[in-house]
Amino acid sequence: MRYPFPVGKSDFIQGDEAVARAAILAGCRFYAGYPITPASEIFEAMALYMPLVDGVSIQMEDEIASIAAIIGASWAGAKAMTATSGPGFSLMQENLGYAIMTETPIVVVNMMRGGPSTGQPTFPAQGDIMQAIWGTHGDHMLIVLSPSTVQEAFDFTIRAFNLAEKYRTPVVLLGDAELAHMRERVYIPNPDEIEITYRKLPRNEEEAKLPFGDPHGDGVPPMPIFGKGYRTYVTGLTHDEHGRPRTVEPEVHQRLISRIFRKILDHRDEIISYETFELDDAEIAIISTGIVSRSAIRAVKILRERGVKAGLLKLHTIWPFDFEVIEELAERVRKIYVPEMNMGQLYHLVREGANGKADVELIAKIGGEVHTPMEIAERVVG
Amino acid sequence: MIIRGDEPEQIGLLKKLYKPGNYFMQGNEALAYGAIFAGCRFYAGYPITPSSEIAETMARELPKLQGYYLQMEDEIGSIAAMVGASWTGLKVMTATSGPGFSLMQENLGYAIMTETPLVLVDVQRSGPSTGQATKGAQGDFFQARWGTHGDHPIVALSPISGQDAFWETIRAFNIAEKLRTPVVMLFDGVLAHTRELVRIPDVEEVEITYRKLPRNEEEAKLPFGDPHGDGVPPMPLFGHGYFTHVTGSTHKENGLRDVYTPEVHDKLVRRLHRKIEQNKDVYEKYEEHFTDDAEILVVSWGVTARPALGAVLKAREEGIKAGLFVPKTVHPFPGERMRELGKRVRAILVPEMNLGQMILEVQRFVNDDVLLRGINKIGGVPLTVEEILREIRGVA
Amino acid sequence: MAKEIYSKYPLIKYLRKEALPTALCPGCGGGTVLNAFANAVDQLKLDPKDLVVVSGIGCSAWIASPYFLADTLHTTHGRAIAFATGVKVGLPDKKVVVISGDGDLASIGGNHLLHAARRNIDITVILVNNFIYGMTGGQLAPTTPFGAKTTTSPYRNIEHPLKISETIASAGASYVARWTTAHVYQLIESIKKALTVKGFSLVEVISQCPVQYGRRNRMKEPAEMLRWFLKNSVPISKARKMSEEELEGKFVIGEFVNRERPEFVTELNKLIDEVQEHFGLKGE
Amino acid sequence: MMYLKSAYEIRDKYMRKDMLPTIFCPGCGIGSALQFTLRAIDDLGLNQDEIVWVSGIGCSSRVPGFVNFDGLHTTHGRALAFATGIKLTNPDLRIIAFMGDGDAAAIGGNHLIHAIRRNLDVTVILINNFTYGMTGGQVAPTTLKGLRGTTAPYGQFENPFDIAQLAVSAGANYVARWSVFNYLQGMNSIKKALQKEGFTLVEFLSPCPVSFGRRNRMKTSPELLRWYQKITVPLAKAKKMKPEELEGKIVIGEFVDRDRPGLVREYEAYKKRAKKMMGWEE
Amino acid sequence: MRKEVLFSGFGGQGVILASVILGRAAAVYEGLYAVQTQSYGPESRGGASKAEVVISDEPIDYPKALHPDYAAFFSQEAYSKYLYTVREGAKVIVESDLVPNRDFEFEKKLEVLALPLTRIAEETTGLSLTMNILTLGILTTWTGIVGREAMEKATVDAVPRGTEQINLRALRKGFELGEKARKGLL
C-alpha cells in the first residue's frame, strides 16, 4: 500500500492535516464534506489524498447531505468520515441520531469555533461540548473524544475509527479552531505500527439475519453490509433484531435503546481515557479537556512552583463521562477548578460527578483566546 | 399591518370566534389556541407527527384573524421564515417534533444570537432518529438546552396537560417578547393527542405582552445594547426606517459584525446569558405539592408530573411523607429551589420518559447524603401511578 | 487623491459608512454588483427605507450586508430566502431583496431558492455566481465549471455545474435574467426590472473571484476573468439555436423569463380576505 | 404484448413475507408503482442481491421494508444523499430510490437537484400523490392550486412544482411521468431507467384516496384515476397546445432520454487523473 | 528550554511561511518540539499579519507565545502593535526601511538588529520576496535556535518547486549576516 504522505517519521503539520492523514491510515476510504471554517483544511487534504488511495472524496450540497452520504458509504462497507464546525454540526444533528439508531460506524469531526450562531468563525471555543452529547433528539448514546495537541488529533482520529468500528457507533471528535490550524510535530507511524479495527461482519447467514440483535452478548451486532446478498433492511424507526419496524411495542423500543446504551456503557473501561498530571498528592484539582488542558498543565507547574499542591485531570473521552473518577477525586481534594472556553459546560458534568463532595468552580473564558496559564493559576491562588 | 394581538379589532375577533367555556379538545389544539390568544399571527411549519394538529389548527384559524399560515419546504425554512417575520413585528410560532427540532438547531442558535422573540414547540416523540413516530417521550430535555452549537442560554417550558398547554403557551409568548429571546415549549406526543376538557377563558382574562420598541432614534441605533440595564435591548423592527443590521456573527451593540475582537464577543455573549439569569422573575415557575413536610421528594416534569402527583397522593394515603416538585420552566432549571428542597428530604425520585436527563440537573443541586434515583421508562407508554408509587414505597 | 474620488462617489449615500471599507478582496466582482444595485435603486428613486436586504453566509453575502444602508438581515448559511419569506409576509409593501452567493443560495440553500420560485413570492434575488466558495478558501461550488480546479477538486471538477437561471425559470419565477460583471448596463436594467416585477425575480450575475478561482484556473487578474466572460457570453436568442455541445462552457446571458404569474403574498392575503368574508369577520 | 407473470409470483419472489401486509391504505397507488418496478426488475433479470433500495420518510418510503433486497430507510428528504455514499463506495450496486413527492421535492428538493446535477447513478421512482399521506393529508409542493389539504383547509394558494420538468432542466439522463393507470408505459419507463447510466427518474401520479381524495371530493381510487385521465395530456399533444390550454393540466410521457456520463464513471476517471498528476501512474 | 518566536509584517511578506519553516526545522530536523500558530484575524486580509513559533526540548504545554524571546518586525504597523509584547533582552530583527518610526527608548532593553532586509534580499537574489528566508537565516545563526542544516532542509521542503536555489542563496546570506551579528560585527 502506497501512502500519499511520508509514513514512519515525524512531520510538522496542522491539526486538520493530522486528522486527515490519520483517517487515511485508519482505513477511511469515504469522505463527504462541505466547506466551513476552520475544518476546510481537513476536506482539502482528503480531496488531495483520497483519489490516490482509491477512496472517495465528494463535496455535497450541504452538511446534512454530507453526513447522509457517509452513513450510506458505511453501509456499503467503507470506513467513512466528515468534518465540520458548529453551524454544520447543528445541521448534522438529525442524521447523527439516525447513525446512532441504525448503529452505523462513522466519524464526525467538529472543529469548534466561537458561537452561538455564526459567531467568530476563525476563533477557537469549546461551546459544543454539550451539543456533541445532547444535540440530537431522543434518548441516545455515542462516544465523544477531545484532543489537545496535534499528535493527539492524529492518535484520537485513529482511535475514533477503531471505537466506531468496534462498537458500531458514531464517534464525534471535538477539536477547536486553534488546534485545527496549529502546526506541531507529529509522528506519522507506519501502518504496521497501528492497531486497526474493522467492524464485526456476520460469520454466517444466521448472524446476518439479526443486524440489530446481540448474538455475542456484548451488545454489538455484526454488520451485514450491503451487496453481500444478505438483503438487510435498515431503518431509523424503532426496529426489532431483524431490522423490522416495530413502532408500537414499548418492549421492542426498550430493548433496542437499552442495548444501544449498554454496548457503550458496558465497555466504559475501554472507551474512557484520561491523563493525570501531578494529581496523586493534589489538594487542588484542575479538570479540563482539549486545548485548554495545555494551559492547565502549565498552570499546575506554576502553582507547584509556588507551593500549591495542584494537579490536573485531562479528559480524553468526554462521553461517556467518567462520573466515578470525578467523585473519587472530589473525595480527596479541597477544590476542583474547571477552566473551559465557554460559559460552563464540562463544569456541569463535573458537578454531577463531584456529587457535592468538593466545591467546583468554573473558570470560563470566551471571545476566542485560550486561557493563559496565569489566568488559571491566579484564580486558584485567589 | 403588524398585529400585536391586543388591538381592539383583534380582541373583537377573538370574542366573536371563541366563546369562553369548556371544550373537549386535543392538547395540540389547546396549545394552538393559547398561541392565538397570546397574539401569535404568524406560523410557519412543516408536517410532522405528532405535532401536525397544531399546524392544522393554525392553518384553519389564523386567516380568520388576519394572520398568516405558511407551510415551508422544510423545518429549516420554517424557523428561518419565523425569524424574518418576527423582525417585522409579528408574534411567531412553529411546532415540530424531534427530527424537525434537530434540523432547527442551527437557526435556533441564530435566534438566540440575534435576540429574536419566537416560540418553538417541540412535541417530543420517542427517539432517537425516526424512532416511534406516534409515541410520546421526554427525550429532548437536554437537546432543548444544548442542541445548538456554541455558548447559549435558553428558556424552555413544559406543560403538564392540555389546559396547561393553553396557558403555558401564552406565558411562553410573554417571556419571548419580554426578554427578546426564543422560548422552547417541550410538549409531548401523549398530551398532544390526549383529548381533555379545556376551558377557553374570556379574552379579558388573558394578559399579553409585546416586546420593547425603541423610544427614540438613539435607542434604535443600539439594537444589541442594554440601555435599560435589564439586559434586554429594545427591538427596532424592520420597515421603520431605522436601518437596522442584524447578524448571527458576533456583533457590536450597533449590530455591526466584529468577529475578531475577543472583548466584543465576551460582552455580547455574557449579556445574552445575563439577560436570562437576571430576569428569573420573568420565567421561573414551578409547582409544589406537600413539600413542606416531605421526606421523599418526587421531582418530575411534563406529562410524567401527572402520574407523579397521583403516586404522591396515594403515598400520602398510605402514610408516607411524599412530596412533589414540578419545574414548569425546565430551562433554566430552578436550581435554588431544588437546593432548598434537597436539604430537607431523605430521598429524591425523578420519574421521566427517558433514560435519565432531568435527573442530571437535579444531581447538580443536591448533596450526596440524599438518595437520588431515577424512574425511567421508554417505549412510548407513560409511567403509571403504580410504577412511581412502587418506587416511593421502595425508599420509604 | 484616491480619497477625493471616493468622497465624490455620489452613491455613497446608500452605503453604511461606519462599516466601510468593505472586506472584499481587490478585483472582486462584488463591488460591481453593489454598485449596480445602488444604481438601480437610485434610478428607480426607491427610498432605502422601503428596502429590506437579506443575505446568507459567504463573501457575496457581505456585498450588501452590512454595507448597504437599509434594514439588513445577515442570516445563516443558505437560508436567506426563507428568512426573507417571513419578512415579505410581514412587510408586503416593502421591497425585499436577497443578495448572496452561488454556494449559499444554490448549494446549501438550493431548496429554498426552488421553493420561493415555485411560490413566486415577491422577492428579488441577486445571485452572485463566482463559481467558488471564496470565504472558506476556494472550495468546489455547484456552479464550478466542469474541469476547473478548486481546493476540493484538486485534480479537476468532474461534476456538472447547476444551471441556476434555467432551473429557477422552470421552477416558476416571474423574472429571471443572467449577466456578467462585464455587462454592467444590462445588469442595472435587469435589477431595475427585477425590483419592479411583481413576483419572484432572480438576477444571476457571473462575477470574478480572481483570488480563489482565477488564481487556480490561470486567470490571476480580474481583467483576464472579465475577458473570459465577454469571450464566452452568448445571448439567449443565439443560444436557443445552439446545441448542448456548442454551449459547453459558455455563459448564456439575457432574460430567461419575464412573465406574470400569481404572486404568493398577494394570494395569501386574498385567501385571508375570502376566509374572513366567508366567516363574516370583515370589518370587525 | 408481453407475458405478465401473476402478481402472486412477483410477490413471492420479491417481497419479505414477514413484513406483510403492507401499511398502505386500500386504493393507494404505491402498490401499483411497486409492482411495476418489481416486474421491470424481473423482466430485465437483474440480480436481486445487487440492488439496494433507498428511501426517506413518508408512505412511499416504507417500500424498501417490504421488498426483499438490501434497503436503507433514512431520514426525511435525504435518501439521495445517503444513496450517493452507497453508490460511490460500491459502484457495482444498482440503487433504486423510492420516494414520495413531499420527501423528494419539499424537504429533499435540494438533494434532488444536486444529485441530478452530479448525474448520480440512481433510479428514482417518485410517487406523486399531491399530499403528505403519513402525517394526515397536509398540502405538498405538488398540490395543484385550489386543491385542499389539512393545512390548506380553504384550498391551496401556492403554485405547484412540476417535478419532472425540474429534473429535466437540472440535467437528468432520463425522465418520464405517467399515472399509475398507464401501467405498460410506466413499466417500460422503469425498465429503460434501470438500464441507463446516470440519474433517471420515473414519476407516477398515484392515488391517495384517504388523505388526499377524501378532502377533494374523490373518495375512491377509481374516481382519482378518472380525474388523472382528465387532467393528463400526452407530451406529443401538449406540444401543440398553448400555455393557457395547459393550465391545470399535467403532461405525461417521456421527457428526456440522453446519455451524459454518470458520476461513477466520472469519479473513476478522476482517480486515474489524480494518480497521473501526482506521478503515481502513467 | 522554551523559546518563543514572533514574526510579523503585512500580507504578502511571507510571514506565515517563515514561521512554518522555522517550526519544521526544529520539529522535523532537530528533533525538538515545536508549535506554530498564526492569527486568523482581519489582519490576514491585508492588515498586520502575525505568526508565532514555540520551540522546546520538552513537550510544549501552552502553545502560544506570551513574551517572545525572538521577534521579527517587517512593517511599522506590526512593530507598533507587537513590539511591547517581547521579553526584556529579546533578540529583535527589524526591517529598517519599512519601520521608520521606532521606539529607541524601549529598544534599549532589547538586542535589536535593524537592517534593510528587503533591499538586501533583492540585492542577493534579485527577488524582494526572499526577504523572509533571509530573515530566517539571520535568526538561525544569530540566536542558534536551530542549526543551519536543519534550516536548509526545512526551507527546501517548504518553498515552491524550482525556487529552492534562490531561496537557499537568501538563507545563506542570512546565515552570514547572523554570524556577524553574533560576533558583534553588525
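Letters are used for the chains, namely A, B, C, D and E, taken in the order the chains are written, and counting of residues starts over at 1 for each.
Everything below uses one rule, namely that a contact is a pair of C-beta atoms (placed from the backbone, for glycine too) under 8 Å apart; a residue touches a chain by one contact, two chains touch by 3 or more.
Just so we're clear, the structure is a prediction, and the values are computed from it rather than from any experiment.
Colleague: Strictly by the touch rule at the top, which chains does chain B share as contacts with chain D?
Modeller: Both chain B and chain D are touched by A, C, going by the contact rule given at the top.
Colleague: From the Cα centroids, identify the chain that ends up most central relative to all protein Cα atoms.
Modeller: A
Colleague: State the pair of chains with the top count of C-beta pairs in contact.
Modeller: Pair with the most C-beta pairs in contact: A-B.
Colleague: With centres defined as the mean of C-alpha atoms, identify the chain lying farthest from chain D.
Modeller: If we average the C-alpha coordinates per chain, E ends up farthest from chain D.
Colleague: Could you state the distance in Å from the CA-based centre of chain A to that of chain E?
Modeller: Roughly 36 Å, centre to centre.
Colleague: Could you give the separation in Å between the centres of chain B and chain E, each centre being the mean of its C-alpha atoms?
Modeller: Using C-alpha averages as centres, the distance is 56 Å.
Colleague: Using mean C-alpha positions as chain centres, tell me how far chain D is from chain E in Å, no decimals.
Modeller: Centre separation, chain D to chain E: 62 Å.
Colleague: Residues touching two or more other chains, restricted to chain D: which are they?
Modeller: 75, 106-107, 109-110, 114, 141, 154, 267, 270, 273-274, in rising order.
Colleague: Could you pull out the residues of chain B that touch at least 2 other chains?
Modeller: Each of 63, 73-74, 76, 99, 106, 110, 129-130, 247-249, 260 in chain B touches at least two other chains.
Colleague: When you check chain E against every other chain, which residues touch at least two of them?
Modeller: Each of 41-42 in chain E touches at least two other chains.
Colleague: Show which residues of chain B lie in contact with chain A when the two form their complex.
Modeller: 76, 97-99, 101-103, 105-106, 109-110, 112-114, 122, 124-135, 137, 139-140, 142-143, 145-152, 247-250, 259-266, 269-270, 273, 354-355, 357, 360, 363-364, 366-369, 377-381
Colleague: Can you name the residues of chain B that touch chain C in the complex?
Modeller: 2, 9, 12-13, 16-17, 42, 44, 63-64, 66-68, 70, 72-74, 76-78, 80-90, 92, 106-107, 110, 238-239, 241-249, 254-257
Colleague: Within their complex, state which residues of chain B touch chain D.
Modeller: Against chain D, chain B makes touches at 45-49, 52, 55-56, 59-60, 63, 69, 71, 73-75, 99, 129-130.
Colleague: Which part of chain C faces chain B closely enough to touch in the complex?
Modeller: Those in contact with chain B are residues 16, 18-19, 48-49, 52, 54, 65-66, 69-76, 79, 82-91, 94, 111-112, 114-115, 268, 271-272, 275-276, 279, 281, 284.
Colleague: Mind listing the chain D positions that touch chain B in their complex?
Modeller: These residues of chain D touch chain B: 57, 75-77, 102, 106-107, 109, 132, 134-136, 138-139, 141, 150-154.
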